[in-house]
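The chains carry the letters A, B, C and D, assigned in the order they are written, with residues numbered from 1 in each.
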Amino acid sequence: LPADTLSQPARFGFGRAATEAEIAAVDIDVRPDGKGLPKGEGNALEGKAIYALKCGGCHGATGTEGPNDRLVVGDTTKGGARRIKAIGNYWPHATTVFDYIRRAMPFNQPGSLTDREVYSLTAFLLHANGLWDEKAVLNAKNLPKIQMPARDKFVPDDRKDGPEIR
Amino acid sequence: LPADTLSQPARFGFGRAATEAEIAAVDIDVRPDGKGLPKGEGNALEGKAIYALKCGGCHGATGTEGPNDRLVVGDTTKGGARRIKAIGNYWPHATTVFDYIRRAMPFNQPGSLTDREVYSLTAFLLHANGLWDEKAVLNAKNLPKIQMPARDKFVPDDRKDGPEIR
Amino acid sequence: ASIVLVQTASGKAFQAALTASELADDPTKIPGVPPGVLGTRSPFEKPVKTPSDTSSRTPLQDLHGMITPSDLHYERHHGGVPAIDPTKYELVIHGMVEKPMVFTLADLKRFPSVSRIAFLECSGNYRGSNDGKIRPQEICGLTSQSEWTGVALSTIFREAGVSPKATWFLAEGGDAAVMTRSVPVHKGWDDAIIAYAQNGEAIRPEQGYPVRLFLPGWEGNANVKWLRRIELADAPFMTREETSKYTEAVGGGKIRQFSFTMDARSIITYPSYPAKVEKGWIEIRGIAWSGRGKVSRVEVSTDAGKTWQIARLQEPVLDKAITAFRHLWHWDGTPTEIMSRTVDETGYVQPFLKQLLNARGGNMGYHFNPVTTWYLQGDGAVLFKA
Amino acid sequence: ASIVLVQTASGKAFQAALTASELADDPTKIPGVPPGVLGTRSPFEKPVKTPSDTSSRTPLQDLHGMITPSDLHYERHHGGVPAIDPTKYELVIHGMVEKPMVFTLADLKRFPSVSRIAFLECSGNYRGSNDGKIRPQEICGLTSQSEWTGVALSTIFREAGVSPKATWFLAEGGDAAVMTRSVPVHKGWDDAIIAYAQNGEAIRPEQGYPVRLFLPGWEGNANVKWLRRIELADAPFMTREETSKYTEAVGGGKIRQFSFTMDARSIITYPSYPAKVEKGWIEIRGIAWSGRGKVSRVEVSTDAGKTWQIARLQEPVLDKAITAFRHLWHWDGTPTEIMSRTVDETGYVQPFLKQLLNARGGNMGYHFNPVTTWYLQGDGAVLFKA
C-alpha cells in the first residue's frame, strides 16, 4: 500500500467556513415542501400582465403556441396530445414552477424578476393550467399544497444491472 | 479470441506496386559502402568556393566559427576541445557528409545543390578536416573508402533491461 | 511526394525560379514553420461539431481511438456558456453538513486529486432518419470522452462533514440557467469528482470551466457544469430538469425519474454514412460504452443480425469509458446490413429499437440506446437503416 | 459567486442598469455564448510551450493527468514543420522487400488499425540551472503523451513482404531536413506504428501530419515525422542523426550509438518552481515513465533522499506510458528537499545525476534522466536543486 493512504487526515483544512450571508446569496432553490420560498405573494391577474410583457413572445399568447416550450396544456383534443408536456399535465410539483422561473426566466434576462413577479407568474401559469383561482393570492404557504395532476405519474428508476431491458 | 484474428489475410491488397522511377525519385540516401552515391565527382577547390558562397555565413569562414554547427575540428589546443564534435573527430563515415549535405543543406535552400556541388563540398570539408587532398577528385568509388578518425569510437548500445545504470 | 534535384548553382535563384504550386509540391525544398507556443491543426483537416441552439455534436465518424479532442467535445447547455473569472470562482457546500464551507479554485486544487478517462453522454442522445442520410454525429454525437482530473467529491464531503442522514444533494451551476440537479449522496461517496481539468489542461468553458461535477457513467445533465453550490438534503429537490425534462414515459402512463445510469451502447463509425467503401477487406470500426462499468464484449453482425461475431476491443478497456472496437471483414459486394451491440460487465445487452419500444410502452425519449444498423449498398454507399 | 435579486420591473431596464463589471460578476444573469462548431480555451488559461529555434517544450507543471493536449505536445524538428497536402501524400516502402509498394493516406487507413496511449520523448531532454529558477518545462519538457492511432508497421511489412534477411530499415521524412533514421527491423515486427491520428484526430502538423513513425518507448528523433519512405536493408545507414547527433560519449573515448530506449524517469511537477506552497498537507504530484515497459513503482523522498515512500500511481498504468503519481505529505515548514524516482517493471531504478556521470565517464548528453531534486524553502518557495 502506498504510504500516504495511511496518513490521510480526517480534514485537510483547505477552504473556509461559509457565512450565513454567503449561503443566503446563492441558496435560491425551492423544494417541494416549500422550503426556500421567499416572503411575499402574487396573483394570476398581475401575472397575466407580466406574462404578456415578458413571456408571451417566446411561449405564445396563451402559453401553448411557442415557439419555445409549451407551458399550458390547453386543448388536448387535437392530435399530438400525447406529446404535450406542460405544467398542468407533466409537472409533479408546483414549487418547481416558482424555482425555475426565478432562476432561469425570462431566458434573455434570467434572474431579473422580483419575487412578487415570480409569484404572480407562477399563479398565472397554474391558473392557465386550471390549477389555481385567478384571483387567489399565491404565497409560500399555499403554493406547496397545490395538487399537481402529474404527481402520481412519476416513478423512480427501476433499471438494474444485468440483461433486462427497461 | 475475436473472430477476425482467424481470418487475417496474408495480404490485404491495399496500396499498389511502386515503379522503379517512383522509387528512384525518393531513394536519395547514401550508405557507408557507397550505395546510393550518384555518378559524377567534385573536388575541394571547387567546394571551397561554393562553401564561401553558400555555407560560410552559417558555419563560419573556416567551418569552426559558427554560428551554426562546427564542421571542422580546427585548433583543439584551446579550451573546450572535449566538446568539439566535428566531421574530423566525430563522424564515423564519410558517406554521411555527402548524404546529409545533399538532403538538408544549405539550411535555407535544402535540396538545391547539384551532385557535383555536393561532391565538391564534401571534398572541401574532408580536406578542411585533414582527411582529403585539396586537389584529388572525389567520386562514388573513393568516398566510401576514406578512413574516418572517429570510426572506432562508436559502440552499439549496451544498456539492458534491469537495474544497471549505463 | 517526390524530390527533384534541380541543377542550379544558386540557392536563392533556385527558390525564386519555382512557382508557388511547385513549392507546395515538394516540402523537402522549403524550410518549414519553426516551433511555436501552440500547435496547430492542419488546414486540410476541419473536424467540426454541428451546433444547434442548445447543443453541438461530436463528429464521431471522423475520430480515432477513445479520446475526444477537447474542442470537439459535445456541448449541451441550457443558458449558454458563461464567462467565469477563476480568481472569483467559489464553490459553496451547505445544508446537511457539520460545517458549511466555501472553496476557491486554488483550495480545490490543493486536495488529493484523481484522474480518470470516462465518457460523458447526454441522455437525449438519439436521432433517426427516414432517408438514411445521417451520420454517427447526428445519431449519437452527444457523447465524448476525456481524461478528467479533480478532487473526489467524497473528499469534499468529509471536509464539510456531510451528515450520515443526507441522502441527496443539489448541484447548482453558475450559468444563466443556474442549472440544478438532485443527485443521490451515495454517488458522491462512490466515484463522483469535482473536476477542474480535462485532457491534461483546465476544463474548457463549454464543459464547465473552471469546475464541473463529474458523475462517471451518469447522464450528462446531472454532471452540472460551472458548479457553484452543493446543498445536502434528505430528499431530492425536484428541479425542472429532473421533472419536466430528463424523465421518460415508460408506458402505463408512468414517467421514469432519476434515471441516471447510461445504458450500454455502441455504434459502428466506419463504415457509416457518408463513407463509401470498396469490395474486399474492411475493418469495421466503432465505439462502445456502458454507464454500468466496463464493456465486456462487442458483437458485430455483417448479415443483418443473423449471426454475430466478437470484435476486438482496444486495450485498455476502462470502467465507464468509451472503448474502441474493430472487426475485420471481407465484403464480397453483396448488399447487406451491418450492426454492433455492446454487452457490458453486468450482462446488459444493447437492445434493438423494437425491444426498447416494447419495454417502454411504445415511447421514445431519453435513454434511447438502440442498435444502429447500417445498410451497405452494392455500390459501397452506406445508409442509416434503424 | 453571488447572486443579487435586483428589484426592477423590466428585464431590459435591468440589464442596461448594470455596469459591465457588475455583469461580469454574475454570469447567472446574462445568457452565455451559444454552442459552437469548435470549443475554446478559457481566456483566463494560457498554457504555452516555450519555443527555441529547433524545439518547443510542454508546460508539464501546468498539466494534470496523463494526456497532453495536442497543441501543447512538445516539438523538435530539424527543418521546420512542412505543409503537406494529404491527397498528395504517399508512403514508399522498398529495398529488401518482395514487392516495393506505394500507399496513399487512404490506403493506410484501410488496414487494421491500432491505438495506444504512449509517451514520446526527445533523448536530449535534460537541462539544469544554477540559480534554481527553472521549471519542469525547461528541465524535461521535451516529453508529452498522446493516444496514437495507425496501422501496425508489421502489417505493412507483411503487405510488402519484408525479407527475413532485412535487419534494419531507413525511415525518411518529407520535411526540409528529409530526416532519416535507421531502425532495427525487429521493432517493426514488435510494436511500431505508422500513425495517422493523435488524441482522436488527425496527427497535428508539428507531430508529423499526415503520417509519422511511432516507436513506443524509443527516442523521439527515431519516430520519424512526415514519413515518406521506408527502405529495408541488412545494415544501418549511418545517417547524420545517428552518428553526429543522438549519440553520447560514455567514457573511455567511446560513443554510444543506436541508443533507442528511453530510460525510466520521473519528475515532481507539483510543488515545483515557480509554485509557492503553504505549510500543512501537500499532495506531491508528478509524472513517471519508462521506455522499457510499465512503471512499477514511484518512490518519493521528502527528506533529501534519506527515506523513500511509495507514491500512489494513477490507473491505468500503461506500457511505455506516462503515469501520474501522487504522494500526500504533511509539511511542517522546515526547509527540505523533495524528489522522486521511478522503478520500472524491469527493475531499472532512475539514477541520481552523480550515478549517471559515473556510468558515463563524466559525460552528459543524450539519455540523461537523473532524479530531479526540488529545494523547498522555509517561505514555501520551490527551487531546482539538481
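Here are a few things to note about the model shown:
To be clear about the criterion, a contact is a pair of C-beta atoms (placed from the backbone, for glycine too) under 8 Å apart; a residue touches a chain by one contact, two chains touch by 3 or more.
The shown structure was predicted, so the numbers you read here are calculated from the model rather than taken from an experiment.
Common partners of chain B and chain C, by the touch rule above, are D.
Matched by residue number, over half of the contacts between the chains of B-C recur in the interface of A-D, chosen from B-D, A-C or A-D. Farthest chain from chain D (centres taken as the mean of C-alpha atoms): A. For the pair chain B and chain D, the distance between mean C-alpha positions equals 29 Å. The distance from the centre of chain A to the centre of chain D, with each centre set as the mean of the Cα atoms, comes to 49 Å. Centre-to-centre, using mean CA coordinates, chain C is 24 Å away from chain D. Each of the following residues of chain D touches two or more other chains: 1, 3, 28-31, 79, 110-112, 176, 178, 228, 281, 326, 328.
Of all residues in chain B, those touching 2 or more other chains are 8, 12, 14, 22, 26, 28, 103, 107, 110-111, listed in ascending order.
Arrangement of the chains shown, judged by which pairs touch: an irregular graph that fits none of the line, ring, star or complete shapes. Across the whole structure, chains are in contact as follows: A-C, A-D, B-C, B-D, C-D.
In the complex of the two chains, the chain A residues touching chain C come out as 8, 10-12, 14-18, 22-23, 26-29, 31-32, 85, 87, 90-93, 95-96, 99-100, 103-104, 107, 110-111, 150, 153-159, 161-166. Residues of chain D that touch chain B in their complex: 78-79, 92-94, 99-104, 107-108, 110-112, 155, 158-159, 170, 172, 176-178, 180, 228-229, 231, 233, 235, 237-240, 243-244, 247, 250, 253-261, 263, 292, 346-349, 351, 355-356, 359-360. Every residue of chain C that touches chain D in the complex is listed here, in rising order: 1, 3, 24-25, 27-45, 47-56, 62-73, 75-77, 79-90, 110-115, 117, 147-149, 174-176, 178, 196-197, 199-202, 204-207, 209-210, 226, 228, 281-283, 285, 314, 316, 318, 324, 326, 328.
In the complex of the two chains, the chain A residues touching chain D come out as 1-5, 7-9, 12-14, 22, 25-26, 28, 54, 102-103, 106-115, 117.
Chain D makes touch with chain A in their complex at residues 1-9, 11-12, 14-15, 26, 28-31, 280-281, 309-312, 326-330.
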